[in-house]
Every structure is written in C-alpha cells, then in structure tokens.
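Across the two complexes that follow, chain A remains constant while its partner is chain B and subsequently chain C.
Right, the complex of A and B next:
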C-alpha cells in the first residue's frame, strides 16, 4: 500500500487508540492551561453577582443525567460554590428522574466542603435555611408554570419528604419574584423551554449550562437577552471555576480546569486526524 | 362517539386555554390552576400505562423468542429489583429491608445500602458515563473518514469547524489570541442567524400543528388507523 493510500485507510482501532491516549495521558499527567473567559460565561457570573442574597434566591435545575455528567456536573458544583460563597439561598430541582441522584451528590459534596471550613453556625451551610432540594416533579411543565404562583404548591414535599412550605428558606421564597435567576444545566434543549415558560411568561431571568454540542442552540436567546448568560461545555465550567476561585479565593475542587489539558489535546488530535485524512485525499486524487 | 368525544374535549379545552391566557381574572387563573392539577394526575396514569406497556412488550418478545429476546430478561429483572429496593429501601436506604451487608476495605467500613441511590451511583452513573464516553471515539473516527474538503461548502464547514474546535479550548488562545474571538464571532453571527431561522420554522410548525390538533384536522394522536 502506498503512503498516501495508507493515510486514507488508517485502521479504526489505531484511531481509537490515539484518541484514547490523547484523553488519558493528560489526565494521568495533568498540566494547567489558563483559560480566557468568554463573554457568555462572564455574563452569567455577573448576573449571579447582582443577586441580593437578602431578597432573592437562585434556582439551579440539574436537567441532565449520568451520560452528560462529566461535562455538566462541574457546572452544577461551581454554581453551588458561587451561590454558597455569596450566601444566596439555593433551590435545586431536576426535570430528569436520573438527574436527582447527581444533584444530591453535588449538594452533599459542596455543603460538606463549606461546612468543613465553617467555624460558626452562621458560616455553615444548613439544609432548609441555606438550600432546599425540591427533587423531581412528575410533570415538569406543570411544575414550572405552577412555580410562577407558588413553589410550595408545585412541590408540596421536598426530596426528603419535608413539607416544603414549613422550611425556613421557603418562608421568604414563594415564587419566581423571589428568584434572581433560574440556571438550567442540560445536555438537551430544556433551557429553551425554561425561556419559553418561565422567562417569557413570568419574567424570571434564565441562564444555562450546556454541553458544548448543545450550546450553539442557545445563542439566539443570549443575543435577545432572554438568556442571561451561559456556561458552554467543560471549557465554560473551567472559566466559571476561574472566576469564582479568583473572586472568593476558595480552595477546593476544580474538576473542569483539570480536564482542560485532556480536552485541548483531544481536540488537537481529532483535528490532526482530519488533516491527515485530507492530505491523503488530495494526494491520491492528484496521482489519479 | 369513541373518536368524537376526545376530539370535542381537545377543541373545547384547547380554545379555553388559549382565551384564558389573555384574561387576568381570578376565575381564569383558578381554571388554569385546576388544569395544571389535572395534568399531574394524567401524567401519573401515563406512568402506569407506560410501565404496563414496557412489561407487555418484553414479555411478548420473550414468548415469541424475537431477536435478542434474552436481553428482555435483563430489563424485566432490573424492573423488579429496582421496584423492590425503591418500595422497601427508598432513596436513602432507610426502609424496612433487612440486613445491609458491610465489609472493611483497607481501613474503611463499606456499607451497602438497599437504596435507589446505591443502584444509581453504582449502576446508572458508570453505565451512562461509559455510553457517552464512547461517542468521542466514534466522532474522531467519523471526522477522520468523512470530513473531506471535496466541495466549496464542505471546505467552508471544515474551516469553521477548525476555528471553533481550536478556539473553544484554552490551547487555542496560545496558538493565537485572536482564535477564541474568531470562534466566538462564528457562534455569535453565522451560527445565531441559522439557528434563528430554524427556530422560526420550528415555532411556526408547532403553532400550525397545535391548531390542526385543536381543530381536529390532525388526528394521529388518537391512535388506530
């Protein structure tokens, strides 16, 4: 087989091996690459910075499942860390049955991280006072619409079977008027539905955390202002980690930033494969 | 009557909900809230129907020994085990299920709880993550084989993909500080323009289909022939 033909017919297993190594090696031997913050990430960060913790809370919707967890869970974690660092009351829900397990993992992890540093009760992150986990509504659309008038009616009981209305935090967070922003983290088009039903109808600000594949779908909403910022892909999560850790000087996990080396090398490898394929294609066409 | 009654319900409620949206009166709001309650009840019934349908489908597959019928056993056994653990162990493993196995790993005591969270953490999460991770390999292989600059349009796509793929990872900034901005421009302008066009089309399509359903022109949702 001639060299040019070989470039066109690299065995699939070789491609798999090269891609696998390009992901794996930077994870085993990590290196740090400083991220440049994109405007969409900065906008979401600024919107959350503008929330008055005494007046409004944040609703984080973990609208994803384990399939997209590696890309989206770091967003959930960093948004929680940002909210807890600012002492913004946090509501968490999930439109996916499979998302509640991940949301619980994230909540437990971040609450434990903050509580391990807390010296007083006021510093601690306490369930019911600082955050509430609403769980999964059987019919998402009905819950989203109902939350416009009363969140406790949409979720009569929280994830732990407490009466939602009886929780301390819920005495001041009644409906979307008391929510500074809803951030939907999803690997699907759900953030768009939040815009349709929560932003357009009730005027609550909506932001999104999207997989890199889904992010292009939300640019029209960012441009019109119907979405107040977006974390796009693992890179967006890394940018957000940088913003939060720089502003609040928080020690702690930065899973997205750790993944940046791996993602950079994997992207370059795929591009290199495309270049090799095209060199082979043009060279063999010229020879014919 | 079997077909006319559902069509009448859809017509009346569809028009009522359209009008309700524009009337800021207490009666209108109460009506809307009632319908939201009904939606929840209907969804609960749909869940039961869905479960019944899934079980029927797999039992039928096993009985007729259709292709890959053995995997239907996996589904059915998983449904039964998950249901037992869910009903008697709950989300947190605090239910009436008996002894929870425990063993020491290194110097750590491991307790296996009979809970949905245990199934979720140890089965759902790794399986879901593995499935999605495979995508990277298939995408790389497909890009290598199919991404050829054969025509002007394909070349344009290739160049845009190159800029975006390098521009959206941190290393792109070090190759050229302009690359992330160029990638952002592609997302902000050509991408947004095309997405907006698609959104308009989809929006008009949804409005047209909804009207057709309300007016009884579109009847596929009734099922049957």
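Right, the complex of A and C next:
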C-alpha cells in the first residue's frame, strides 16, 4: 500500500486517540498563552462596567443544559464574579429545565467564594439582597413579555418558593427599566429571541454568551447594535476571565483559561490532519 | 483521586458514553438509556416544584381562582387519549398558536427584517473611519451577492453569473467560519470532560 493510500485509510479511532492526546497532554502539563481580547468580548465587559449598581441590575439567563456545560458554565461563573465584584444586583433565570441545577450550582459556588473573603455583612453576598434566583418560566415567551411590565408577576415565586415581590432586591428592580443588560448564555438561538422580544420591544440591552457553534449566527446582531457584546465559546470565556481578573484582581478558578493550551494544540493537530488528509486525497486522485 | 461517590458515578458514565468512540456496546447503551430516564424524571420533578406548585397550587390556596381557566385549557390536551372527545385538543393548540403568532410575527419582522436591512445600508457617516467604511461596503456586496445566488427565477447568465459567483465565495467563507467555530466548540466539550476525568476524578490536573 502506498503512503498516501495508507493515510486515507487510517482508522478513525486512531484519529480520535491523537486528538484526545493533543487535548489531554496540555491539561496535565499546562503552558501559558497570551490572551488577545476580541472586540465582542470587550464590548460586553464595557457594557456591564457602565451599569450603575445603585440604579440597575443585570439579568443572567442560564439558557443551557449539561450538554454544553463545559463551554458555557465558565461564562456564567465569570459573569457572576464580575457582577458581584461590582455589587450589581443579579437576577438569574433559566429557560431550560436542566439549566436550573447548573445555575444554582454556579450561584452557590460564586456566592461562597465571595462570602469566604467577606469581613462584614456589607461585604457579603446575600440572597434576596444581592441576588435572586427566579428559576424556570413554564412559557418562556409569556415570561419575557411580562417582565417588561413586572418581573414579580412573571415569576410570582422564586426558585426557593419565596414570594418574589417580598424580596428586598425586587423592591427596586421592577421591570426591564431597572435592568442594565440581559445576558443570555446559550447553546441555541435563544439569545436571538431575547433580541426579538426584549430588546426590540422594550429597548433593554441584550448580550450573549454563546457556544462557538452558535456564535456566527449572532454576528449580524452585533453589527447592527441589537446585541451589546458577546462571549464566543471557551476562548471568549477565557478572554472575559482575563478582563475580570486583571481589573478586579480576584483570586479563584479560571477553568476557561486553563483549557486554552489544549484548545490551541488540538486546533493545530486538527489543522495538520485536514492538510494531510487533503494532500493524501489529491495525491491518490492524481495516481488514478 | 476523588473520594466522592457521585464523582465516581459521573466518571464511569462519562467513560461509558466515550466507549462509543471505539464501537457500539452494552455499557454505552446502558448509559444512554439511564440519561433519558433521569432527564424525564428530572423534568417531572421540576414541573411539579417550579411550575405547578408556584403557579397553580399556591395561587389557588391564596384564593386566586382565575388560574382555573388556564388549568382547564391545559387539561384539554389530555383529551387526545379519548377518541370520542379528542377534537377538544384543538382548543389549547389554537390558544398557544394564536398567542405565539400574534406576538412573534410583528416582533420578528421588526427585529430580523427591518433592523437587519438597516444594518446593511451604507450611510455616508460610516466613511468617517476608512475601516468602518470598508467593512460596510463588504457587507453590502456580500448581502446583495448572496441574495442573488438564491434568486432562482432566472437562469444565472450574463450579469447574474459573476454576481452569484461572488455570492458563492461569501457563502463558502461563512461555512468555513462556522466549521472553525464548530471544531472549537466540540474541543471545548472534550476539554471539559477531560478536566473532570483527569482533574476532579483522578487528581492528575492541578
């Protein structure tokens, strides 16, 4: 068998193994890669920086499930860390049933991280005062429209079955007028729906945290200004981690940044495999 | 190495799903069926605790009997199982369709058509910055050429031929960008699972 023919007949399991090793080895022996922040990530960061914590809050929609968790959970965590560091009131909801558990896990983790460093009650992150977990709306569209007039009516009870209107934070955050930005973290087209129903109708700013697969779909909305920034994929999450950690000097986990070495080496490996595969294909076709 | 039994269960289920990469096997099928069952059970629990309790039971206990109207409309869905009365299922479907269409059609025209068309128009003020002007013209050419490529009412001859060819180039660049992003996304998922297996489970990643 000629060399090029051999290349075209490599068992796919060998390719899986090579790609797997190219991801695993840089995780075990990590190396640092300089972070270049994309304009879309910077724009979302700047928009959240512009929020006045005394006047407005942020609504983070954890619109994802465990299938996209490795890519999106780091975005959720870093957005919470940014918001809590700025003392911006945080509202969290999820349009995916399976996203509720992930959102609660992230909220508990980041609240505990801040509270472990807090010295006074004012420094602490307290449920109901600094953040509220709204849970899951059964009819997403109806909830999004209702939140334009009254969030407490869209979510009569929070995740913990408290009356939403009775929570301290909700006395000043009534509707989209009191929300600086809605950030939808999703592996689907839901951020686009937030633009359609919340941004176009009520004028609230919308940003997105998107899986890399979905990111190209949202560029038209960034270009028109309908979206105020986007975190695209694990790379975007690492850029945001860099921005937050540089500005606020927060100790804590940076899962996206740790994955960047693997991402780079695996990309190079796949590029190499694509080039070799194409050379093999054209060389064998020429022989025929 | 982790001492948490849940981490061990997660690790074995992850390995079970990954075993499909070698070949189809009973361990993989067990994990797949377990996932489907757990996801359904979870959905039922969430529906009870986060939908029915706060939105139906709690309001009824508080004396708000208006919620009985949507409850009755919702119950009509179950009449599908009674052949003689199955026509009643059209009522909740009509309500859902009517609401969604009424809300969505104007919103989508405004957000996805009008705003996007405005984004394609080249305004003189865009040329205050040459880079911005260049990108605006490129987007304009790309949109027009791509639309021409999908214009099938006339054969692509004459002026239509080079324009639709430019459209193909823009479409191919779009596919390339999407493929690149897809590779990045799939690798990110693998990174997440390997971080779990070799970090949280085996403790090999610091």
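Criterion: the second predicted complex is superposed on the first by the 288 of 288 C-alpha atoms of A that agree within 3 Å, B and C clash if a C-alpha of one lies under 4 Å from a C-alpha of the other, contacts with A are read in each partner's own complex, and residues count from 1 in each chain.
Please note the rule applied: a residue touches a chain if its C-beta (ideal position, glycine included) is under 8 Å from a C-beta of that chain, and two chains touch if they have at least 3 such contacts.
Being a predicted model, the structure only gives us computed values, none of them experimental.
In the superposition on chain A, A:35 makes contact with chain B only, while chain C stays out of contact range. In the superposition on chain A, A:199 makes contact with chain C only, not with chain B.
Of the two partner chains placed around the shared chain by superposition, chain B is the only one that A:281 touches, whereas chain C remains out of contact.
Contacts of A:220 after superposition on the shared chain: both chain B and chain C are touched. With both structures placed on the common chain, the touch criterion links A:70 to chain B and to chain C. In the superposition on chain A, contact is made by A:270 with both chain B and chain C. In the superposed model, A:149 makes contact with chain B only, not with chain C. By the document's definition of touching, of the two partners only chain B reaches A:238; chain C does not.
Using the contact criterion defined above for the overlaid structures, shared-chain residue A:105 touches chain B, although it does not reach chain C.
Once the two complexes are overlaid on chain A, the chain A residues touched by chain B in the first and by chain C in the second are 16, 19-20, 23, 67-70, 98, 101, 138, 141-142, 145, 159, 212, 215-216, 220, 223, 232-233, 235, 263, 266-267, 270. Per the touch definition, chain C reaches chain A in the complex via residues 21-22, 39, 42-43, 46-47, 49-51, 53-55, 58-59, 99-100, 103-104, 107-108, 110-112, 115-116, 118-119, 139, 174, 177-178, 181-185, 187-195, 198-199, 204-206.
Across the complex, chain A meets chain C through its residues 13, 16, 19-20, 23-24, 27-28, 30, 67-71, 97-98, 100-101, 135-136, 138, 141-142, 145, 156-157, 159, 161, 192, 195-197, 199-201, 211-213, 215-216, 220, 223-226, 232-235, 255, 258-259, 262-263, 266-267, 270. Considering their complex, residues 10, 12, 15-16, 19-20, 23, 33-36, 38-39, 65-70, 98, 101-102, 104-105, 138-139, 141-142, 145-146, 149, 159, 212, 215-217, 219-220, 223, 232-233, 235, 238, 260, 263-271, 273-274, 276-278, 281-282 of chain A touch chain B.
On chain B, the positions that touch chain A within their shared complex are 29, 33, 36-37, 39-40, 43-44, 47, 91, 116-117, 120-121, 124-129, 131-133, 136-137, 139-141, 143-145, 147-150, 158, 162, 165-166, 168-171, 173-174, 177, 180, 184, 187-188, 191-192, 195-196, 199.
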